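Shared chain: subunit A. Partners: subunit B in the first complex, subunit C in the second.
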Partner chain A sequence: MKKVLLIFLFLASVFANQSNVEKRIYETILNALFPAKQTICIWVDEPSKVELFKSINGVKVVSNSSKADILMLFKGEDIHKIDDSKKIFANGYLVFQRVKGEAIGGFYWQKGRPNLVFINKKLKESGVSLPKKLKKYIENID
Partner chain B sequence: MRKIFFSLLSLGMLLRAESMDSSLGDIDTLLERYKIASDYSNITKSESAGFVDVFTRDDLEKMQARTLADVLKFFTVPFLSRSNINSTLFIKPSQMQVPSSGIRIFVNDHDITATIYKSGSMICNSITLDAIDHIEVYRSSSSVEFGNEPSTVIIKLYTKDARRDEGKKLRVSIDNYGSSYISSYFAQNISEDIDIFIFGNINGVNRDTYYNKGYALKSDSSNRNFYTNLNYKNWSFEVGHFRSDSDAFLGLGKSATPENANADTKYSYLHITNKLESGLRIQAAFDFSTSNGYMQDGSGIYAGGFGFVGSYKLNSKDKILSLIVDKTFKTDKNSLFLGGFIKHKKADVEGSFDLKSIDFSTYYNLYSLYAENKYSIDPTTMLLASIKGDFYRYNSKVEDKNEYILRFGTIKNIKNFQLKAFYTRTYYASPLIALYSDETNVPFKTNYSLKFAQPTLYSIGLRYKTNEHIFNIRTSYIELRNPIGYDPQKGFFNGKKKSYTQYEASYTYKLNLYNKFSIDAYYGKRDDSLEFSSPYGGHLIAFNRYKKFDFFNMLEYRAPYTNYGVKVKSSYDLTTSVRYHINEDLLVGLKGENILNKGYKQAYNGLDFPVSVFDRKFWLNVEYLF
Partner chain C sequence: MRKFNLIYIGFISILLLFITYFYLNIGKYEQQVKDNIKQVIFKNTSYFIDNIIEMIDNEVKGDLYSVLKNNEKLRKELEKRMEILINPSFKYVYMLYRDKEGKYRYLLDGSKDDKGLFDEKFDVNKEEWDKVYDTKKPTVIFQNNFSGLWVTTLKPYIQNNRVVGVVAMDFSTTLLGYLSKTLEPLKNLFFYIFIAAIFLFSVILYQIILQLRTKKESVTDPLTGAYNRVFLREFVKKINYYSYDVAMIDLDHFKKVNDNYGHKAGDYILQGFVKIVKSSLRQKDVLIRFGGEEFLLFLHRDKNKQSKAKEVLERIRKKIEEYDFKFDGEDIKSTISIGLVTDIYTYRDIQEVIKKADERLYIAKHSGRNRVVYKEQISNSTNRLSISQIKSAIDENRILCQYQPIVEVDSKKVVKFEALIRLIDKDGKIIYPNSFIDTIENTNIYRDMTKKLLSIVFEKIKESNTSVSMNLNLSDIVDNAIYETIYNEIKMHKNLANFLTLELLEYELLDSEILYDRLKTIKEYGVKIALDDFGSGYSNFAIFKTLPIDILKIDGGLIKNIHELEISHKVVEAITFLAYNLELEVVAEFVHNKEVLDKISELNIKYAQGFYLGKPS
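What follows is the complex of A and B.
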């Protein structure tokens, strides 16, 4: 698309800014969960988010969830079909509520602000030690 | 003043040093940046609808704003004052006031405007902001894209979104006058398709009492607000209720010597929206409002055909039924917005004036069709044109009217510059109370043949914007044909053409994510060079954060003026707010309003001294999210 409406350009720049920051947040999360991995394989259940994750250095988006290091859930549908041996990261409040028993963490809006949570129990089970700057986001949730 | 200016400057230096410590990669900073980048106003704001100023959620929180009036206080043109009956009064610099229908207030897409007075200003003071995410103010507007009835200033309040605000909040504030303010909301995402937001507020505001010839001029009020919305798939259901019971300050007496003066208003509405997959949006709404005024003044209260009375009681009930349909058609380069609405507006008026009484009802239907086209010549240049036809059909002797709005504009971006220019030919619909009454001609001598005032606006604005700096200059020239005047003998009449010019300039410096400073100045001039209010003024504003503290400071200056033979000195209003985040969910704050006690004063007919629009007050504020 060569020429678009100015208003679209404005909105595009807004969303570009938002998605750039979102990308950096996920980059920080993934690097913290897989500090030693050269390539992190992720599976995403929301097609519109695939490009965002593809743009992160060292991240490969896979179409088969069994080959993924982590499952990024935005919808969290058919949760019973998901391999619970995989690390699960919930994106969105309702998804987080639905899968927090299995998830290693979540990123969602609540109380008018974006929230980042890592679940202590799952971190320990997975043998993940978060860097110091992320430790304050660890919560004890069963 | 210099001390205050240098204090703000020193605070800026301190904050700059603080900002150096936090690298952009820090996760806290990233989350804050994400919050700002995701700000709801980025989605709702429309650059093409006029000159737009946004009070973001972050701004409102740092201001510790409670009511809409707390925010309107920072307006330049028009600025905020209060009427003789203690309702909100909008004034353009040098002017007496803005016509009541010249300003419209929306909550989301709902227009809050009573039929009889054609104004939302009666309830302005009672709209509280804890349910509000952000506020957009459009000026030199009359854009049809909001599907609104005509006005040159549009204030849009966007409510909080349960998708982002899942949780509950309680806020309690008290001031040194014994005023109290309690509000709470509840937001829940029930499922992917259903979410709900419920808000309630009660507040009692105590104010200074003045005395005129031994009579007390009181302005205390108690207010209640309720708002809820339920979203289900493409449906949205909203219910709002505002209620204000207020002392009516000077009342309506000739000499401002009230023995009794009360003005109570209630406004309730239901608004249903359905967005179809085809892009068609259908809205239906029902508004019900009442306004009850009771005044006693031995000096005489003007009551139209009854002449002057000592006791004045006027009650009105308004009902509005609305059906609005619109759709936007978009291509790569073009956006065409088409819409129409039907509104049925009914008013019941009753009153008693000494031993006489009135009781009448009237209604009209308003049919409206509108179109707005935005065309991008290239990625930096947009042209817009809109046309609107409004067809008023009255059930009474009032002459039916066909009114048209034309609007042309362009927005041109050249690197960091943005140029906006608009031509708008619109009209101010006269309130029903000026057009119709029964044979008694009470409370005003009406004019069935009164023409609507027709402003033509020529506006141009230039903005220079970088990541750190924003400069704005704007000017508007307004020609007003058929201005409405009132003569106690003749009643409402159309006067001769008038014109008005306004100038504004502002500069904002964004130091970093948490700190910004701004300065603005404005000037307004009537064609006859008369000054009925302060002709020019400006603000120094700072929003800051230092560790766990949020700061907001505002110094407002307004120039002296003389009206009704009363000289009003230069005014300096300093507002300061400090909030401390005990933790993420618990905040305590202190706010001082009109701290110097030299804030803007309004001159009134019948009163030989001016009165402060805002009292010197200190508020303690506690907010808890859970």
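What follows is the complex of A and C.
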């Protein structure tokens, strides 16, 4: 009984930690990209991540990508169908590699470490000025 | 029992300590093993990294970054060789450089998964990596992340005495997890034993506390919180009573408080009294409720120091005297009398000490109350016999009866004797009742003495075939035990009982119904009842209505100056007139000269006694 309890607590804490880290990172990213917006509408191409975004204060998940302020791509499939006037944020290294020409930034885990990238060109096009603490993640990628 | 408990607690505590020690040390040993494993990992990764560095040295000629940037083929070749090292434990091997902005970027990446591209940014623990760049020394980073333990070994790649890159190797292991898993059952076992021991210890502790509390309750007076006599029994066995001064304390006129304000007020005062006393005591002093409103106090005396008991008790006495016991809107005043024994060494045992304290308390009571009486005061103020002296006099038959004749005034013939009790001390000196009667009042000794006196009186009646009177208090008739003694003696000598007269003293109003019934019963054996010292003290005429009296003895205070004072003459005349109307015999006491006798005769008083007619002998 004690073992079952310990395993449960361990797993719960692992997932809680990972999901908490992600939640905090996305919270920071979204606040940086939309500093003035009270409610940020996002569209997600991965249903399993919807709950994660819903749990962030001031974030509304929309089902229609045309109503979104930013598109969060986890799969990055059918990229040609995506409205390129919207801000795109890539999640995962492979997706980032695939859409880095259109994306404003990306977040992915590499070698067990979280990696964050903001693409300078897209930031300028969107007129986004990142806060000082995030400037170190800006990359000049064409 | 207490010793057994201590051994038990000691045993359980040692057991608990052992188990705790083992339990904690398992964790310590586990940590040591883990540290050793980490060291081994570091050594291995260092060895591999050194090989990589050697390989790069051999292949790269010129500026590292430029060579690798411009030679993709070389990059791929080097990465391929690095990839050989990859296995389930050595997960990633790569080389980064620090750009002008301080960001770390890939030079080479031999990893099979999560492979980074040349010049691509990689977010690392910048602080640690900078340290390698700045110090040119290798370092190792341990981190427990979500999937296990990660060890990253970093070594600088130096060209022209400048760090141009850092080779990193990430080692991931589940070995430590296996180790923890292996030790887990053992840790669990100790954990359960530890919990069981704690539980057992708690149960025992609870039982002991419960036992101590029950024991404390059994030796504590529930009303006042002072110890009780059960405690006293154990206490006197355990202590060296030479280390204590002993005081007996009694609340003065406590019965009156109960009568006037009720028992609740009495209880309140007892509680308040104990509180005040306790506030003046030290931890080693012991207060015991000895009975009703009587308390026994053991004041601890420090070795080689003069006793402070008198000062302490005087302070307590004063505090009580000045204190207003506020009960139910009433301010009740109280005082205490204290008998103190400091000369402990002069007594055989603690019982004698307590008896002595009680005697001194008695003296305090009879010296006006609200005072502390100790040895020095007694020797200066009184020559009363102690209870033990009286008891030994009775036991050793040193009781004497002197007889004073009562004569018929007209014929001058002795018709009766009044028996007057005396004790003889060890030196043969005669001791008069005022030196011992008060002391033994309300004690069993008084009853024994009454019994002895009755038996002497009956012996005298038997010898002389003459009536004899003896003194008793009215309260003796009311007291069940004393009455029983009197009644049994009269019954035993019923053939002589009609020669006996009981002279009753101190006729304050008592339960007249019991008195009447008992006197009536006694009188059925022919015993006569006389009222002694009539005309003084509590004399009142109602007594004639309620008690079956045969003889009236007029108080000596009226008789002794009847020949000089008109008022005495008139009072005696009136009493005589009353007595004759009630058909009582009259005896005049204290006839000490002829003039008095003549006056008695004039008033037609039939019987008289006094030194003029015959001294007690």
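We adopt the following convention: the second predicted complex is superposed on the first by the 132 of 142 C-alpha atoms of A that agree within 3 Å, B and C clash if a C-alpha of one lies under 4 Å from a C-alpha of the other, contacts with A are read in each partner's own complex, and residues count from 1 in each chain.
By definition in this document, a residue touches a chain if its C-beta (ideal position, glycine included) is under 8 Å from a C-beta of that chain, and two chains touch if they have at least 3 such contacts.
Note that the structure is a prediction, hence the values are computed from the model and not measured.
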| item | value |
| --- | --- |
| Which superposed partner A:V62 touches (first subunit B, second subunit C, both, neither) | neither |
| First, second, both or neither for A:L94, with subunit B first and subunit C second | first |
| Touched partner set for A:V117, first subunit B, second subunit C, both or neither | second |
| Which partner reaches more residues of subunit A (counting touched residues only), subunit B or subunit C | B |
| First, second, both or neither for A:K133, with subunit B first and subunit C second | first |
| Which superposed partner A:T28 touches (first subunit B, second subunit C, both, neither) | first |
| Interface residues of subunit A shared between complexes with subunit B and subunit C | 14, 17-18, 93, 109-114, 116, 137 |
| Contact set on subunit B toward subunit A in their complex | 25-27, 30-31, 33-35, 37-38, 42-43, 46-48, 57, 160, 163-167, 169, 189, 191-192, 330, 332-335, 374, 376, 378-382, 411, 413, 584-585, 625 |
| Subunit C residues touching subunit A - in the complex, by the definition given at the top | 91-92, 94, 101-103, 111, 114, 116, 121-124, 145-147, 150, 170, 172, 188 |
| Subunit A - residues contacting subunit C, complex | 2, 14, 17-18, 93, 109-117, 136-137, 139 |
| List of subunit A residues in touch with subunit B within their complex | 1, 3-7, 9-11, 14, 17-18, 20-22, 24-25, 28, 93-94, 109-114, 116, 133-134, 137 |
